[in-house]
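Here you go, one structure.
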């Protein structure tokens, strides 16, 4: 299987601070990678480099076989940002149409995909033609998921995808991810919601202070798929010297 | 090329929807009607038939509203994208930053032009109904130069939106645009009569600030003068293109350096 | 709470209206006083005068086809009531040459700007071609375009006598609408009972436009009564101009004594004034006629 994402010895600094410090990471095609870490660990910076929004100071970033700073590489990327407030005066189909056009889709394809996607993400029909400024957080998140998928990307990059979703919506979204993966798509998502991550990811990368402290298949961690991911997360942080994680494990 | 054009079209469409759904035009239109209808209905000393003053006020309002719309449209292309975090899914698309910049600029510019065109059509209809001629050539010429002014105004406020806060941008853009519009031609006179530091400052402003007064043909339109020569038109249009290009180059640099 | 807002708003409006009616019932003596007259004057003070002056200047700009008047081209002060055909009657007698020279100077300056090459000043080159440098005068019925501005001037400041006078001149001298001119002057005189120049203007309309010498004479006599003992230059000149007309009427009747009296008074009041010279000349002619 080819590597959809490959980061090698990536370093990124802001001023005197190293946000990412010699990070190496990869994701196989068809995989779902949970990208975990405490606040300020460097997850967002890493995601931005995967999206081509930032360039590394050192090391290489390869996404879909190319440099993500190249717009043509990003044609296969779908991104769901954390807590985005999409264009308030547009309705859901218009938002999807906009992003579809920005991805080079033609109008007929956009029209087909829009209805299916809005159904898949569970957005109520009566909300479709209302402006987004009337939407709740959960409804906006559903639109966000839909815009990330509208152009059939090969790689999904999700930042806190479960925010604002009720349990039923979370279940629907998990099923959507699974179907997407089963159809050949790859996913990298960053989340603080370890219980959700536990249910869908098949590999995990744990980040602390810009460095990977664990990376591998979740099953490899303890040899047992039923081990709680939260405990695994805390134990790996504790092993790397995080005092708070050590306290939490007591 | 196809992708590029489709992306530009999507960005332009976004600006149009933004302008027309905000209902700013409705407000502006209502305000204009509230001012102009009573003015046109006046019978000063019981005399009917004078309409040049209505035309002058109408043209003044057209310029005021169109420049305000242009500045506002330019100012809100980027900041809301950053604030609402929609800049990320936008730049995560297969689109370069320069395409995003160009698309947003064209969107704001064309939306401002569409609103202005509407004002000009209404003005022409009014003038035609009062017997001053439906669409005289000088009005067309005035519209073309007005469009040039909008191009520069949008470029200015969009460039500033990438450097300063929204409120600072609106204030500075308004001062620059309206200040030059009203006093631009008089800066040399002011400079001559000023002490040295002020003289230098005024000379610098005169040299580099966009001269919005060059695009103002109200005097000719209202008082039915002849058109400006073709050569002069071309020079002024070229000036507008150069100003806009210079400002957009600065905007491109700022956008490229902007951390997202 | 939101649903209560209309109720609150209506209640507030009703309370304001009730207060306003109640205020009306307070005797005038008990109300707060200001030094001003009507509401506009109290509210806007000196801004009204400034606005009125600006409207008069704007009317001048309209007369010149939208071109701002050059400083050197500014007309002299009003006060003579001259209904000059060529230059809107702004000029005192004998100043026509000066005004023409000022016109020529402005045209010359405009021509200089037009002749300037692009490379010697690209911005000025553009400006001189975008904004009309020549000027032309509104004529005939097109002069109606100045009326709204002058109307605004007198509405803003009813004591702006020159604005009333100018409006009357536009109506009579340019639009040839003498009824309108008389209506304007009647309104102006009612607002400014002491404005002798407006009465003088009315005399001009009767004399030159309507050829009604009897009515004109009445007006000029009234001016002479109003300006009895006048000391300021403007009133003196109006007086002398009116006396010139009265002298003219007296001459036609063969009353040389009256002509002489007017000439003597003019010499006493303003020996260097052009109108005085005219009167003196008239008195000399009348004397010769009498001698014959």
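In order of appearance the chains are A, B and C, and numbering begins at 1 in each one.
Going forward, a residue touches a chain if its C-beta (ideal position, glycine included) is under 8 Å from a C-beta of that chain, and two chains touch if they have at least 3 such contacts.
Keep in mind it's a predicted model, so treat the numbers as computed, not measured.
Chemist: Which chain maximises the distance between its CA centroid and that of chain A?
Modeler: C
Chemist: Can you name the chain whose C-alpha mean lies closest to the mean of all the C-alpha atoms?
Modeler: Closest to the centre of all protein C-alpha atoms: chain B.
Chemist: Would you kindly tell me how far, in whole Å, the mean C-alpha position of chain B lies from that of chain A?
Modeler: Averaging C-alpha atoms per chain gives centres 41 Å apart.
Chemist: CA centre of chain A versus CA centre of chain C: separation in Å?
Modeler: Averaging C-alpha atoms per chain gives centres 79 Å apart.
Chemist: Which of the residues in chain A end up touching chain B in this complex?
Modeler: Chain A residues touching chain B: 48, 51-54, 71-75, 77-87, 89-90, 94, 97-99, 101-104, 131, 144, 147-148, 157.
Chemist: If we count contacts the way the header does, which residues on chain B are in touch with chain C in the complex?
Modeler: Touching chain C: residues 42, 44-47, 49-53, 145, 185, 188, 206, 211, 213-217, 219-220, 222-223, 225, 228-229, 232, 235-236, 239 of chain B.
Chemist: What does chain B use to touch chain A in their complex?
Modeler: 2-3, 6-7, 9-11, 13-14, 17-18, 21-22, 84-86, 88-96, 260
Chemist: Once bound in the complex, which stretches of chain C touch chain B?
Modeler: It comes out as residues 62, 65-67, 118, 123-124, 126-127, 129-132, 141, 144-152, 167, 171, 177, 180, 183-184, 187.
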